[in-house]
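Quick heads-up: structures coming right below.
Two complexes are shown next, each including chain A; its partner changes from chain B in the first to chain C in the second.
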Partner chain A sequence: MGGYTDNKTFVGFQNFSKLFQSEKFYQTFQNSVLLIVIVTIVTFALALLFASMLTREKLKGQNFLRVVFYIPNILSVVVISAIFSAIFDPNSGLLNAFLKLFRGFQAEPILWLGDQKIVIFSLAGAMIWQAIGYYMVMYMASMANIPESLYESAGLEGAGRMTQFFQITIPLIWTNIRTTLTFFIISTINMSFLFVMTMTSGGPDGATEVFLSYMYKEAYTNSSYGYGMAIGVIVFLFSFALAGILNAVTRREHLEY
Partner chain B sequence: MKKILSLAITAALTLSLAACGNSSENASGTTTNSSNNTKTNSTSTTETRTLKLAALETAYGADVWKEITAAFEKATPGVKVETTIDKNIEDVIGPGMKSGDFPDIIHLAVGQQKGLTETFVKDNNLTDLTDVLSMTVPGEDVTVKDKLIPGFTDTSITNPYNDGKTYLMPMFYSPTGLFFNEGLFEEKGWKVPETWDEMWALGDKAKAEGIALFAYPMPGYFDSFFYALLNEVGGADFFNKATSYTEGVWETPEAKQAFDLITKLTSTYTEKTVPANANKDNFTKNQQLILDNKALFMPNGTWVVGEMSKAPRAEGFKWGFTALPALKEGGDRYSYTFFEQIWVPAKAENADLAKQFIAYLYSDEAAAIFAKVGAVQPIKGMSEKLDGDNKLFYSIYDSGAKAAMGAFATTDPVEGVNISDTVFRSIDSLVTGAKSQEDWVNGIIKASDALRAAMK
Partner chain C sequence: MITDNRSRRGVSDKLYKGFIYVVLIALAVIILIPVLWAFMASVKQDSEFYGNPWALPLGIHLQNFADAWLKAKMGSFMLNSVLVTAIALGLLLIVALPASYVLSRFKFRGNAFLNMMFMAGLFINVNYIVVPIFLMLNNGDKALRGILGHPVLLNNLFVLAVVYAAMSLPFTIYLMSGYFKSLPKEFEEAASVDGAGNFRTMVQIIMPMAKPSIVTVILFNFLSYWNEYIISMTLLTKPTFKTLPVGLMNLMAAQKSAVQYGQMYAGLVLVMLPTLIIYILVQKKLTQGMTMGGLKG
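Right, the complex of A and B next:
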C-alpha cells in the first residue's frame, strides 16, 4: 500500500524477509557502507591535518584559510551538487579539462558520473569536500584547549612535530574524535541521500543507490510504504549498532590536563 | 540523585513523545469526521463551494491554470477554486493527504519520478470518472465523449483495472518520436531514415564525421521508444501481451528483435557520455548534444522545444521530428502518444464539482486557453488549429505514422520490483557495458514473473 489509503494488510515480518532476499538492497547496502568508510577515513584524516596545521603552525592568512575551509559547509547541498556536476562534466568539466594536460587532448573523456565503477568515488569526493570544514572546526576547537606548555616541554625533550601530534594532540582530543565518529556515520547516511538525489538520481542504473534513496524509492515511487519503512528500520539498527561498536572499540582512559 | 533526575527527564521526554503520537491520531480521526460533515453540508447549502485543485507545474507554466480557474469561476457562479501548483506537487500535497486532507482534483501524469499517480491507481484510491464522459460540456451541447478523440479513454492508463471504467481523464497529449536537427540533414544532404537499416547506414556515415547517431535525455525517455517499438515488432496485440506480462512473451522472436535492436542502438551507436548526464538535474546536457550537432537523434516529446528554447544551438538549427523507423521497407512506423492525466482521489470532498470542472476543461473556451501555451488536449479538430513547430509535430499521424498508446499494466505494489526501472533504467548499463543484453532480458523476465501474479 502506498501510504495514502486507510486500507491495511498485516504482513508480519514479510517485508523484512523480502528485504533480505533482495539483491538491490544488498547493492544499496554495499554502496552506503563504502561511502561511510571512504568519507569517514578521508575526511577524518584531512580534517585532523588541516586543523592541526591551522592551530599549531604559523601560516600566513590563517583566518582566511579557516573561512575558506568552512564555506562548503554553509552551502546548500543543491549548490554543491551543481558545482560538482559542472566539475565532473565529461566534455566541458574542470576535472577532465585538467586531466587532458596529462592524458593528451584526444583522450576519451572519463565519465565521472557515468561509469559505474567510478561514480561512487566521485560522489564520495563531493561529500568529503563538503564535510571537511565542519570537522576541522570541531577539532580546532578542542586543539585550541590543549595547553601550550605541553608542546613546549615536549619540544625541549626533543619530540618532533609528528611525535607531538600523535603523542599529545591526538590523545588529548580523543573524546572529541569519538564523538565525531558517530557524527560521521549519521551524517554520511543522511548526506549521501541528498547528494545522490541531486547529482545522479541513483544512476546510472542504480550504481549510486544508497540506503535512504532506495527507501524513498520503494516507499513512494514503488508505492510500497511498508517495505520502505522496513528499510528505515534496518538503517536505524545498522547505524545504531555501528555507532555502538565504534564507541566501544575507541574507549580509552580519559586524559586530564 | 543525578541518575534519578536523568531517568525522570528521559521518562518525561518519552511520555511527551507518546502523547504526541496519540494526539496526532486523534487529530487525523477528527479530520475524517469533519470531512464527512462538510460533504453533507456542502451538498445541502447554496453557499460558495470551494474546489481544491492541485496541479503539477510543467513546461506549460503555472499561469495557465490560474487563467482556467478564473474562467471556470466565472462560468460557474458560487464556486471558488483553490489552486496549488508546484513543480514538486507531490511533496506539497503529500503530507496533507496522509492526514486525510485530499485535493478534489489532481493534475499529475503517470510516469513521474515519485509515482504518486501510480500509487493512487495501485491502491484503488480513485473516483470513477466514467460518467464524466456522458456529461455535457458546460456552455456547449455536446458530451465530453463526443469531443474527445476516440481511443484516448480506452487505454490501460485511463482504464487501469481493465473493467471498462475510466478513472483518469486524458489531458494534454503529445506525439513522441525522434527529434533531430533538420538543418544539419539539409546541410549534409542526408535523408531522414525510414527503416532501421537506413538508420544504421546513416549512423556509420555520421560516425565518420564524429557525430554519434543517438543520444537520450534520461533512460526513462525510452518508454515511448520501447512501446512504439513493441508495436512495430508485433502489432497492437503483441504490445498488449507484453505490457500485461504474459508468460513467455519476452522469449518470443518479436521480443528478441526489439531487444536486439535496442542493444545495437545503445551499445554501438549511442554517444558514450550520455549516462553521465542521464539524471534529472543534467539531462538537458544530453538534449544539448542534438542542438550542438554532437548526436543526431533523441527520443523525446514535443515539450522539448519549449524546454530548450533558450539553449544555444548550432548555426542553421531547425527542429525535425520523425516517427520510429520501420523494421523493413514498407513496414509500419509508430509514434507513441504521450498524454497527461487528471483525476479525482477517492476521498475528494467535492467529487461532483470536480467532475463538472473536468468536463469544463474540454470546452472550447478552456481548450483555447491551454492552446495559447502550447498545451494541446485530445479534442477533435484541435491539431488543425495549431501553428509553427507544433503543426509539424501533431501532423505526424497524418503523414503515415500509427499511434501507439498504453503502458505497462497496473499491478498491486510488489516490493522491490519496478518494471520501468528494470526495462528502461538498465539501458544506461547497456551503454556503459556494465550489463549484457542477456542480463537485461533476464531481469525483465524475472520482474514480469513477479508482477504477473499481482495483476489487477
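Right, the complex of A and C next:
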C-alpha cells in the first residue's frame, strides 16, 4: 500500500471495504453533503435574486456593484481563509465584536470555529461569501439576453414582479441554471477542500473534515496512498452520480425567445 | 380614479427601488468590509489587535510590510510566484494555442481521439490527483538520483509551472478551439492564395484575430496560478521554494504561537494586491470573458 516501496501488492477491494466500514468516512460524507446542500441552496437563491434585481431595475452604480460583487472570486482561498479566521476569532474577532452590540458586552463569546455544532456553518458562510459574485455574473449574463418586450407585455397584462420573475426570468434562463447546478456540486467539493485545509484543518475533532481533505490527509500526510485513492475514486463517482441525477431531475422542455 | 391608481403604483415602485438599493448596498458592504479591514489591519501595530477589532489604526505602521517582505521572506516568495506564474502562462500559450488551432481546423488521423481525450480532461479536477502527481515526481526523483546524484523534480519551480500549465490545458483548449471553429475559413484560404504556409497563417492571421480570447485565457489562468496553493504546498517542500499563498499559510500558522498579526496582514495584502490591481484594470474583460463558458475549479 505504501507508494514509497517498490513492492506493490494487489489488495483487490480491500481499500474500499475498509472505507465503507470507516466511521470517519461517514462523518466526512455527512459534512460534505451538508456543505453541498447549504452552499448550493443559499448561493443559488441569493445570486439569482440579486442578479435579477441588478438586471431588471435601472439603478445608479450598477457597474460598480457588479465589480464589487465579483471581488471575492479573484482572491486566493488562503487570503479569504485568513480574513475569515480574523472575522471568526472568538476574542478579537470582527463578528463577535459586532454581535456584542446586540448580545450585551458581558455575553459569552461564540466559538465560530471552535464549536463542533457551529463550525460547519461558519465554513459555509465563508464559502457563500466567496461564490456568490461568480454565479451572479453568470446569471446576469443570461438574463441580459431576455428581450425587454416580454416583461413589458407581461406588465401590461398585470403580472407583478414576482410573477415575471417566476414565469419569465426563471424559465428562460433554465439551461443556464442547470449548468450552474453541476458547477455547484463540483466546485463545492473542491472549494470546501481548499477552505478546510487553511481554515480548520478538518477540526475541531473532525467536525469539518470533507471528502478531499480526508483523502489528502490519508494519502499524503498518512502515506496510505491506496486508501487515499480509494476515497478519491468514491468521491469522483459520487459527484458524477449526483450531477447526473440533478441533471435528469431538472430536465424541462427548452424554451426559445 | 386611473390617475390615483397610477400614482399609488409610482409610490410602491419608489419604495421597491429603495428597498433594492438597501439590499444591494448591504451585500456590497458585506463583501467590501472584510477586504478593506484586511488593508486596515496591515498597517496596525501588534498591540492594537488586543483592542476593539473595528477600531481604526492609530497610525500607518509600514514596518509590517518590511517585516513581511524580509523577515517572513514574502519578498523572495513573491519572486517565486512571479516566476512560476510567468513560466506556466508561457508554456500554456505555446502548447494550447497551436494545439487548439490544429484540433479545430485540420482533419488527420487521431484528431477525434485527441479531442476526446482533452474533453475527458475537463472532468478531472487537479485536487484529486495532487498526491499521484507527487508520487510520480517522487519516483522519478528516486530514479534520477541514481543517474544525476541528486533529486531534481520535487522542489523545482519549473516542474511546478509545468504541472500548472498541464492542469489548465483541457479547459484552455476547449475554449480556444471553440473560438477557432467559429472563425470563417475564408481567411485561411485567402492567406494560402497569397502564398502563406500553415504556420505563417496561424501566427500572422489567426492569432491576432483571437487576441480577445487569448487575453481572457491569460487573465483567468494568471488568477488561478497566482492563487493556487495545494499543488505548490505539496510539490515545493523546502522553505526557500515557497510561493506566496503558501508563505501566507506559514504566516497564519506562526501567528497562532507568536503574536505577529501586523506582519501576517501585511503578507496577506502582498498576496492579494497584484490580483486586485489587475482586476480593477481589466474587470470588464474578466466578467465578459467568464460568460464565454467559464468554469472554475
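The criterion applied here is as follows: the second predicted complex is superposed on the first by the 255 of 257 C-alpha atoms of A that agree within 3 Å, B and C clash if a C-alpha of one lies under 4 Å from a C-alpha of the other, contacts with A are read in each partner's own complex, and residues count from 1 in each chain.
Just so we're on the same page, a residue touches a chain if its C-beta (ideal position, glycine included) is under 8 Å from a C-beta of that chain, and two chains touch if they have at least 3 such contacts.
Computed from a predicted model, the values in this text were never measured in an experiment.
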With chain A superposed, do chain B and chain C clash or fit? clash
May I ask you to decide whether A:Y220 touches chain B, chain C, both, or neither, giving the answer as first, second, both or neither? both
Touch test for A:F69: chain B only (first), chain C only (second), both, or neither? second
I'd like to know which partner A:P171 touches here: chain B for first, chain C for second, both or neither. neither
Mind telling me which of the two, chain B or chain C, contacts the most residues of chain A? C
With the two structures laid over each other on chain A, which partner does A:D115 touch: chain B (first), chain C (second), both, or neither? first
Of the two partner chains, chain B (first) and chain C (second), which one does A:S85 touch, if any: first, second, both, or neither? both
Determine, under the contact definition given at the top, whether A:P204 touches first (chain B), second (chain C), both, or neither. first
Common ground on chain A, meaning residues reached by chain C in one complex and by chain B in the other: 3-4, 81-82, 85, 89, 198, 220
Across the complex, what residues on chain A touch chain C? 3-4, 46, 50, 53-54, 57, 59, 65-79, 81-87, 89, 92-94, 97-98, 129, 132-134, 137-138, 141-142, 161, 183, 186-187, 190-191, 193-194, 197-198, 212, 215-216, 219-220, 225, 228-229, 232, 235-236, 240
In the complex, chain A residues that touch chain B: 1-5, 7, 15, 18-19, 22, 24-25, 81-82, 85, 88-91, 108-109, 111-116, 198-201, 203-207, 217-218, 220-224, 226-227
Footprint of chain A on chain C - complex, ascending: 16-17, 20-21, 23-24, 27-28, 30-35, 37-38, 41, 49-50, 52-54, 123, 125, 127-132, 134-135, 138-139, 223, 226-230, 234, 244-246, 248-249, 252, 264-265, 268, 271-272, 275-276, 279-280, 283, 286-287, 290-291, 294-297
Given the complex, residues on chain B that touch chain A span 90, 94, 97-98, 113-116, 118-120, 122-125, 219, 272-282, 285, 345, 413-418, 421, 425-429, 432, 434-435
